[in-house]
Structure formats: C-alpha cells, structure tokens
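These notes open a run of structures that come right after.
Below are two complexes that have subunit A in common, paired first with subunit B and then with subunit C.
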Partner chain A sequence: MRQAKTLSAHPARQVRWMNRDRAIALLMIAPSALAIAVFVYGFIGWTAYISMTDWRGLMITTSFVGFENYLTIFNTGRFQTNIRNLIVFTVFFLAACLIIGLLLAVLIDSRVRFEGFFRSVYIFPMALSFIVTGVVWQWLFAPGNWPNDPTGINLLFKQSGLGFLQAAWTTDTSVVPGWRIEGLRTRIGVPMAMIPVVVAAVWQMSGFVMAMYLAGLRGIPEEIKEAARVDGATEWQVFRTITLPMLQPITLSAVIILGHISLKIFDLIVTMTGGAPGNNTEVPGLYMYEITFKANKFAEGAAVAMVMLVVVALLVVPYLIYNRRTEVER
Partner chain B sequence: MSGVAMPAPKRRHIHWSRVIVYGVMIIFLLFFLLPVYLLLITSFKSFDQVSLSRMWELPTSFSLESFNRAWNGGEGVIGMRGSFWNSVQLVVPATVISCILGSLNGYVLSKWRFPGSETLFTLILFGMFIPYQSVLVPLVEVLREIRLYATIPGLILVHVVYGIPITTLIFRNYYATVPNELVEAGKIDGADFFHIYRHVMLPLSAPGFVVAAIWQFTSIWNEFLFGLIITNDPQLRPVTVALQNLSGSQFTQWNVQMAGALMVALPPLLVYIFLGKYFLRGLLAGSLKG
Partner chain C sequence: MRTTKWLKLISAFAIITLALAACGAPSTAQPTAAPTQPTTAPAQTGGGKLEIFSWWTNGGEADGLNAMFSIYQQKYPGVEIVNATVAGGAGTNAKTVLKTRLQGGQPPDSWQVHAGKELTAYVDAGQMEPLTQFFKEQGFDKVMPPKLLEQITYNGEIWSVPVNIHRSNVLWYNIKIFQENGLTPPKTIDDFFTVAEALKAKGIIPLAVGGKDKFETPHLFESVLLAVFGPEDYARLFQPGADWSDPRVRQAAEIAKRMLEYSNSDRSSLSWADAAQLVLDGKAGMTIMGDWAHGYFISKGAKVGVDYGYAAAPGNDGVFMWLSDSFGLAKGAPNPEQAKAWLALCGSREGQDAFNPKKGSIPARIDADVSLYDEYLKYSIKAFGSEKLVPSVVHGAAAPEAYMTEYGNALNVFASDLDVDAVVQALRDAAKDLK
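Up next, the complex of A and B:
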C-alpha cells in the first residue's frame, strides 16, 4: 500500500513499466494490434509484392518483374485518364464542399430561426450509402432526349422556364478544354460528365463539412470578436482576421477527411456512371476493380492499388504525425 | 439538437441581409431535399403512372407496387428481402464485436499507456484511411484459405478488423475525458485491470458505445466494396450490392429502383432521425481531436 501511494505521487517516473496489470493491458490490445499488423500492413506488403510480379489470369507460377507493371499502367491512356478524372473530381469536390460547408455554417451560426431543422436537413445525406445517392442522382441527371423530350433535372429546368440550363450531364463526352500534350495519352481538361458526379458527392458530404465548421465557429469565444468590434472592425474584417484564421485547423481536418474519401471514390461512380461515357468518369478505384476482378490482371491491379495507397498516404501520414506531435505537447 | 447557449443577445436586424440569409438557406434546403422528393413521389407511383416525361408530377393514387416488386422480386427482378436479412445478420454481430474491441483498445491506450503506445495508436489509425483496394486480393486469398470466403462470418470478420481503427479512436478519445484520478484511485485500492474497467470505465461508457455503435452500424450497412468482393454469391450479398444490381439491370423499372433505394436508406435514416446527436458526434470523432 505504501508503495502504491508513492506510485500515484510520481506516476510517470516511478511506475515500473511491467507488472501484472500492464501485462494484461498489453494482452488485451494484442489481438487488435495483430489483426491490424496482418490485415493492413501485411496485406499491403503482399499487394506490393504482387504488383512486382507478372501475375495475370490463372497462372501457377509467377516471376518477379520489378516496376514493370507500374510503367505499363502509367503508359496506358486509360490510367492516365483515370488520374486526370481523379484530380478533377478531387479539386471540384473539395472546393465545393469547403465553400458550401463554410457558407452554410456561417449562415446557421448567424442566429437563424429553425436552426435545428436546417442543420438536420443539410446533414442527413451523410447517413446514406453512396449507392443510394448514386441511384437517385443517376435519375436526376439522366438527360433524356433534350431539349425537346428531357427527363430528370433537364425536365425540371424546361418546366420552370430555365430550359437554357439543360445539358447532356452524365452522357456528355466532351473534355474542356481537352488539350493534347506530347507524350500524354489523354486529353487535359475537365471531363464534363464528371460534373454530375461531383454534384452528387457534394450533396452527400457538404453537410458534414458544415457540421465541422459549425463546431469550430461555436468554439470561438464571442469576447474576441466583440473586442474587435469595439475597436471598430467591420463584420467582414472580424470574419477575415479572426474567424477564418481560427477555423484553419478545421479546414485542415476537412481536407484530410474529404481528400481521402475522394481519392478512394468507387461506389458512387460505379452506381452513377460505371465510368462512362468512354472512360470519362472512371477513377483508379474503379479501374483497379475492373482489371483485377474482371480481367484477372492481378499484378497490374495491384500496381494501381499501390499507387492509390501512396497518394492517400502522402495526404494522411503527415497529418497523423502532426496530430500525434500536437497531442504529446498537450 | 439544441439551439441553446447563445451568449449576449444581439440587436435584431430585420434587414434585407436577413432576407438574403434565409433565401440562400432555403435554396440549399431545396437542393438537399430535391432527391428526397423525387425518391418519395416515384416510389409511391403505380406502374402505369411511371413515365419519365412526367417524373416530377405527384402520384395521382397511392401505390405500394414498387415496394412490393423491390422487396419480393418478380418479372426479372431479384427481390431485396433476402439481402436485407443478410445485412442484418452482418451488421449486428460486426457492430457488437467491434465496439467491444474498440472499448478495450481505447481503455488500454488512454489509461494503461506503455512505451510505444502512441506509436501503436497512430499505426492503428492509419488503417482507417487506406484504400481497401490495396488489401483486397490478399484478403480474398486468406479468406479462401480459412474457408470464410463468400460467407457472412467472413464479411463480419473483415468489417470487425477494418473497424478497429475508428472504434479505437472513438473510445480512446472518449476515455481521455474520464479523469485519470478515478483510475489511479482504483489502482491504489488494489483494483486490477478488469476491475477498473468493469466498475469505473464501463458505467461511464454508455455514450461512447452509442456513438461507436451508430458509426459502425451505418458504415457497415452502407458499405459496398467488401460486400461486392467477398460475397460472390447472390444469395449472400448485402443490401448495397443488391441495390446496385437492381439499378444496374436495364429491365428494372426505375420506380422499383427508387423504392429499393428508399428501403436501403431507411435503417440508417431512422438512426439519424432518432439519435442524430450521437450520429454527429461519431462523424466529428473521426475528424476532430479530443
């Protein structure tokens, strides 16, 4: 008992780091740690290995080919198109979610009536599956034989006198501006068929960003803003010099969360377009699925998966390390 | 959802700026509700009223034909009834197990820290962000090897394992708010690891369990990729895969697809409506510290 008291007095220095309870603690977390070690890190290593073999179809033996598959996929027009599509999707999706999320959060924070109702409606799509979202938006963006015999929102536009807004949406094959660059097997630009997919994704996720920003706004002490107002700052100045900088950590978190969802996007695109028209909305997540499980090109599929992993890791790992550092400092 | 705790009431402006605020908010409200409107009116239309050129018109009579077809199948449509049961069988055990694991891990990582425990936590967290494409082929191979491929227990195992990072995060952050003094007091009284867990932590854990359970329930119910790859058998597929099949087939009328979508959306929507506060907390747990 006496020993225990000294323990609690200087817990950090004096606790022997191994005793019965600590052993139990390690034992309790061991299964999870082991599962993650195998199912995450082990399998990633395995996939990395597959990506360096020539495994395709029902081969009995495979041989090591180094980075050949990576060269192959990066040289195919289809994968280059995938990358272009992913960049376009990610940029538009992130920008729209952040802007709309911040706008809605600021509006809701401005003391509106029925705040709870607005908030609930803005957030509810987060509860749905991307598959549900995809099924519904697929029909909203089905263009029909426009402009004369439109369906979906084209029809809605026509009926409300906004007929000039009609477009080919998910069937639009154009890439704007569609530059060709020597050595690239895809055209540079925005594939217009991606826009409806971005709209559906923003519909699903912007409420989440709003919720994050709202939590951030509510965390800013009113006194700071009030002090600035007393000093003669306008509302816009208060927003720009106090509110926005204080929301920066939230923006960072939102970019990480949305970014990793965006870079992995699969379900929504499968349901809404299946990658069509052409490969104009196909992304690496879908390409990996197609060539691995439909064409049995396991090695190339693994190479695509590893590229996805590296891209996500480049985004997430610095954030995780940064988070850990700040946490230790606390 | 509360609208309380508003410090320092401000002067009321009834200016045109307020009109703009409400105007913008209502425009977005319409944007968010438009798909819901289409979903509802279409699902309740009878087959003879379903025409794409009149898709925005309200149904003239109330019909459950679409739901009947989407649920029970018939005329080339595979009903979703079976896959609903599959999803329930999958979601319930997976949610329960991953909550228990998350709670234990969170307890260890917040109250029984050891050298390297922060690193371990970061390594576990990384598992939450990986694209699952980068583990799929080995996963299928291993599941085949242990005879769990194309089985519901196999899918449960997968969801439990890949659910460890988020549930651990939720519980670790939740337990971090429990004062260390409570645990230290327990240790001084000679209570061991499990005693403190059962008598100190668990009684305080209800909100943590609700948040983690809601998170796991909705994300497993809504998940698609694992369901698609691991249940190669149409008899075993979860609802999202069944819905995708329903919408992928050219022969299915679109009102049946809409009814199917509504049915898949309903369970997580009910959770959101009745437990919205906890749902939101789970959402934010994945993004905000503490």
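Up next, the complex of A and C:
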C-alpha cells in the first residue's frame, strides 16, 4: 500500500517538470543557449567592462576608470554630431517608410491588375544588400560639377529640361536650420546630405513595410467594414476608424524592426557617403569602427558600442514588455 | 524504423560537420602566390613556412609582391610562402584583421606597415622585434638616407624594413591646358593663386580635390603646412608636445581655405582617382596628390610630359615628403629565420629593384639601378637622393594612428564647413594624441 503510494507520487512529480520529451528538448536547445550566453551576453558584459577601462593602443590594459570614456565621447563634437544624425536618419526613415509602405499596401489591396507583379517590384529592393544599395545610390546622387557638367540624377534632370531641380545632394554641407546651443559642440538641425541617404534606405525598406501592411489589411474581416458602410460611413471614415486602428499592431512591429535597423545602420552609410561631407552623415556605428580599429582607442569604441546598445534597448525592451502583457491578456 | 531515423540524423550531422570544416579553413591565409615546392635543393633556411601579411591584392602592387616572392623562392626553394592578403584601399580592412590576429596571439611572420610612427602602436604593445642590429648586419644603414633612418627610429630602435618610397607632395597638372593658357606650374603659394585665378577665368576647375577616401583634404593640408612652416618646423609639429598654438597654423588654414574655394564643390563624392581623372579629362587644371597618381595616369593610357606634368606642390620646392611601405618582424614569429631572410630580401637592391618598377614607386636605397625606372620615377629617385626629407602625416610616417585619425577628421570637417577657427581648435585638441 505504502509502496504503491510512493510509486505513484514519484512519477507524477516527474511528469510535471521533467519527462523524456522535456529532457530531449532541453538537450536540443542547450548548445545554442550556451553559445548565446557566451558569445552574446558574455561579450556584452566584456564590452561593458572594457568601456570602463583605459584600454588604448594594441596592448590590453584594464585599469578601471569608471565612466570617463563616456564623458569623453559625449564631450566630443563628433559624437554629438553622430547622435544628431542618428536621430534625423531614424525619424525621417521611419516616417517615410511607414507612410509610403501603407500607401503602397492600400493601393495594391484595392484589387489592381497584375497585383503580384507590383508586389514583387516594390518588395524586390529588400533582397539587395545595403552595400549594393549604397554604391548604386552613391553614383546616382554624386552631383558632379553641377549645374553645367552634372553627373547622376543631376544629369537626368538637366537632360529632361528640369535643370532647376539640380542640387548638391550628398555633398550638401548645410545643416537646416543649424542652431547653435551653448555647451553643445554641434549644430542642431537636419544635415541636408542625410536626405539622399534616407531616400536610398526608404527605397530599400518601404517594400517590406508594404508587405507587412498588406498582410494586415488582408486580415481585417470584410464584414466589419461592410457593417460600417451599411451604417452610412464614407470610405475615408471606414479607413480612419476601422482599418487604421486595426493595423496598429502591424505599425508597432514595423517600427521596432525598422527602428533597430536604423539605429545600427553602418553598411549603407559607409558605402554611400562614408560619413562625409565633414561628419554630416556619420552615425555612431562608423565612429565606433574608426576609433576602435583605426585610432586603437578600444575603450572609447566600447563606450560607443554600449551607448548604441542602450539606445536600441530603449526601443526594443518596452516593445517586449508590451508584447508580453498583450499575450497575457489573450 | 528507429534505426533508419537515427541513421538519417547521424548522416545529417556528418554532412553539417563536413560543411563546417570546409568553411572553417583559414580564410585570411590564401596561398595565392607560390605553391609548395619539393625540398630537393638544400637551402640556407631549410624548409618550413613563411607567412607574409599585406593589403597588396591587385595591379602593380600584387605584381611587385609576386616578383619578390619569386626571387625568394629561387633563393630558398624549400620554404612555402603563405601570402595572406586582405583587400581594401589604404589597408584599413587588413589592419583590422591583423590587429585581431595579434590580439589572439597568432601573428604572421612579417606584415606590411607604413614605415615611421604608424607602427608605434605595435611596438608599444610588444608585438614587434627591433631591427637596428639587423640593419647593421645587412648594411642597410649605409645605403638608406640617414634622415630617413632617423625618421623611422622610435624608442631608439628601427622596427621595419622600408621596401619603397612614395612622394606625397606632388602637383600634377594638365599640360595642354597650361600650354594653351601660357601658364607654368606654380612654385609658390602666391603663384598658385595667380594660376588658379587664370584657370577659373577660363571656366576650368583650378584644383581638383577628392574626399571620398577621407584622406584627400588632410593630404592637401600637409603640403600647405610644409609650405608655411618649412621643413624643420614642419617635422617638429608632429613631435610629442608640439606647439599647435603657433599663429602659422591659422595662416595655413586660411591658405587651405582659399585653395578649397578654388576646387570642385563635389569633393566629398569623389575619390582621389576621380579627382585625378578630372585633370586628365581637362575639366580641372591641377591636383595635389601622392605619386600613386602617376600610376593611375599610366593605367589610363596617358603619357607623362604629353598629357600630364608634375612638379613639387606649391611652396614645397626642394623638400621631399616621403611615405614608405615596409615589413617588420613579429615578436614570437612562428618562422623567424625565414622571416629574416624575407626582410633581407625586402631591403636588398635586388628585391627593391624587382618590386618598385612594378609598384610605381622608388627604392628606399640610394643605389638603385636607375635604368629600370620611367621618366617620373627617375626624377623622383634624384629628388629623394638630393632634397630635404620630411615624413608624411596622413600616410603614417610622421605620427601615430590615434593622432592621424584626429587630424584626418579635423580636416575632413574643415573640407565641409571651411571654418578656420574650428579647424585651428580641432588641430590643437588633436595634439594631445602625439607621442
């Protein structure tokens, strides 16, 4: 009797937390979990540690200096410019991608002919690497000796009689409006050379946003819209009060995906402008690479890396928390 | 049933392992130059391997390197040469790979490095062997100019063997344009502005300047600094504790500003080669660039003395601003004997005369066989032997990498905003990285 009881109790507990299936599952994820623990979280920890040392030069030195490197980089005009550029790029890139993506999705959803063809056309740039995009758009936006002897897009404008549209594009050195604020070593405003870079990035990524919105639009039940129309709502009202709110989760996902691409952007800018003119299109990723591997200031490079990590985390972590909450609600 | 499942799993695992092993082959070390040769002839260094790390992957550079490799193979047939190259202009990518390898404790036997202060980071990290004694044994100290040896000495020792010399302060001009307009290449800064004004009046861009490779304006500025400061004071500017509050820094910045105002406005979208092409196409009159521009012009089928001419940069007459590619010896090199044999070849007349005509540079020795070189290089060899030598800062000869980065960024920002006050301040701030 007693024996039977223990026998029945024991396996029951085993089922709850560890049976054969679970053991195999754990075994299967263990290698990747271990690899991620070491190569992602381990190295984040290492970078954080390095960023608080005085490691300069090729020989590692690990005297602890606290937040000195962070103070140094935040006090350089160059890093302040990088942060300004990052904000400008992210805001313009996100806004343009969302608006153009939504517009394209709505157009394609309106049952145009050859829908499949257009869908492929818009989404195709995403298949390219940012390196390719950067090189190609660098050629397009190289102004040449305009207005008389232009190249790229300026030449196109000149030959099609739209010469007045010629501009300096990636070589435009102005910052609009370029306010100077006491204590800041950079000018506040939109560096005009950043606009062509945003155009190239939007060209590449807006098709992706379109695809996301298209999936969202297809997921909205026709009955709800029909019911609204029966109640006398105009098409605009249907769009504004039914379609848009129901697309909100899609927008959020798109912002997160595009946002983390934008905050870590490196390859596109390296190939398209290299950060020029001056530092007008340079972002922290480029700065990190240059001071780490060219100037051998490893500790300052690590500090820039940590700042980038924190900025991306500020975007992603609230999203994860929000996601978890909505999942619990469901 | 069960056994087939396991078999599938195991075979899948085996395939993945094989695939990974194939990918895992050392990607940086590609033996491209020379296949292993049978160890029949007894060589001085026996057999073994020699790993040479460089960023010479294409054109004349790779040809020159291979010419030296084949001499090495003739001398030491038993040695397998591993030619580890990483492509990328000015070696930025290569340096990244190299630094990673050094920190991982896996140095190549010998690696390419700009002679002069650029290599101080490796020396400070204890990654290079001093070569002063080796220079004496090989007699290099007698055939290389004393001024050059002085300028590549750090902490009292010489650390690398210069294979070649490039000249940085050269003015290249379009001969046809100059003849049509009755102009002569400007000797002084004042001459430069007279010529520039004349060209501008004809609707020709006076000075072509690039910017895409991020060294072009810093490059232009070093020749202006030399013109304003003169050779002695210029060299002093990059010594530890140099005085950058000197009013002549501002004077140089003002001159550079005026020069840039006479240049093309799309600087930041052009590479140095694009700028040289403007001169060749007759769209621009002049450009100030190192003598790799000569190699570029030749590769485009242009003829020196017919299509383009050369002169010292304005105000730089009688001064030769040098930069040099060199090879050093790794501390803890896996094959030190083979590496020393390599360095001996790098510094020898035979090696340098094999390498340089192909690379389009001149030997670091003063006893070169002049007949092997073309018209411009003959002029350059003569100048190297007779003129005052100063080191280039942009190309690693005069200052450590940390300073080069700060100096370069200060000038690149200047190229964009032409703010004299800001660049003077930025250069003063950068001086803290001099050591």
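One rule holds for everything that comes next: the second predicted complex is superposed on the first by the 306 of 330 C-alpha atoms of A that agree within 3 Å, B and C clash if a C-alpha of one lies under 4 Å from a C-alpha of the other, contacts with A are read in each partner's own complex, and residues count from 1 in each chain.
In the analysis below, contacts are C-beta pairs under 8 Å (C-beta built on N, C-alpha and C of every residue); 3 or more make two chains touch, one makes a residue touch a chain.
Here the structure is a predicted model, which is why all the values come from computation and not from measurement.
Student: Taking the superposition as given, does A:R111 touch the first partner, subunit B, the second, subunit C, both, or neither?
Tutor: first
Student: Is A:L58 contacted by the first partner subunit B, the second partner subunit C, both or neither?
Tutor: In the superposition, A:L58 touches subunit C alone.
Student: Contact-wise, after the overlay, does A:A276 reach subunit B, subunit C, both or neither (first, second, both, neither)?
Tutor: second
Student: May I ask you to decide whether A:G144 touches subunit B, subunit C, both, or neither, giving the answer as first, second, both or neither?
Tutor: In the superposed model, A:G144 contacts both subunit B and subunit C.
Student: Who touches more of subunit A, subunit B or subunit C?
Tutor: Tallying touched residues of subunit A, the top partner is B.
Student: Please work out whether A:I321 is in contact with subunit B alone, subunit C alone, both, or neither, and reply first, second, both or neither.
Tutor: After superposing on A, A:I321 lies in contact with subunit B but is clear of subunit C.
Student: Mind working out whether A:F293 is in touch with subunit B, subunit C, both or neither, as first, second, both or neither?
Tutor: In the superposition, A:F293 touches subunit B and subunit C alike.
Student: Just to be sure I follow: which residues of subunit A are touched by subunit B in one complex and then by subunit C in the other one?
Tutor: Shared contact residues on subunit A: 138, 142, 144, 149, 274, 293.
Student: Along subunit B, where are the residues that touch subunit A in the complex?
Tutor: 1-3, 6-8, 10, 21-22, 24-25, 28-29, 31-35, 38-39, 42, 52-53, 55-56, 101, 104-105, 107-109, 112, 114-115, 118, 120-127, 129-139, 142, 161-162, 164-165, 168, 184, 187-188, 190, 192-194, 218, 221-225, 229, 240, 243-244, 247-248, 254, 257-258, 260-261, 264-265, 268-269, 271-272, 276, 279-280, 283-284, 286-289
Student: Using the touch definition from the top, list the residues of subunit A that touch subunit B in their complex.
Tutor: 1, 4-5, 7-8, 11, 17, 20-22, 24-26, 28-29, 31-33, 35-36, 39-44, 46-47, 50, 100, 103-104, 107-108, 110-112, 115-116, 118-140, 142, 144, 149, 151-152, 155-156, 159, 203, 207-208, 211-212, 215, 222, 226, 250, 253-254, 256-257, 260, 263-264, 266-267, 270-271, 274, 284-285, 288-289, 292-293, 298, 301-302, 304-306, 308-309, 312-313, 316-317, 320-321, 323-324, 326-328
Student: Quick check on the complex: what are the subunit A residues that touch subunit C?
Tutor: Subunit A residues touching subunit C: 56-60, 78, 138, 141-146, 149, 168-171, 173, 193, 273-280, 290-291, 293-297.
Student: For the complex, give me every residue of subunit C touching subunit A.
Tutor: Those in contact with subunit A are residues 92, 95-96, 99, 102-103, 121-122, 124-127, 205, 211-214, 264-270, 283, 401-402, 404-406, 409, 412-417, 433.
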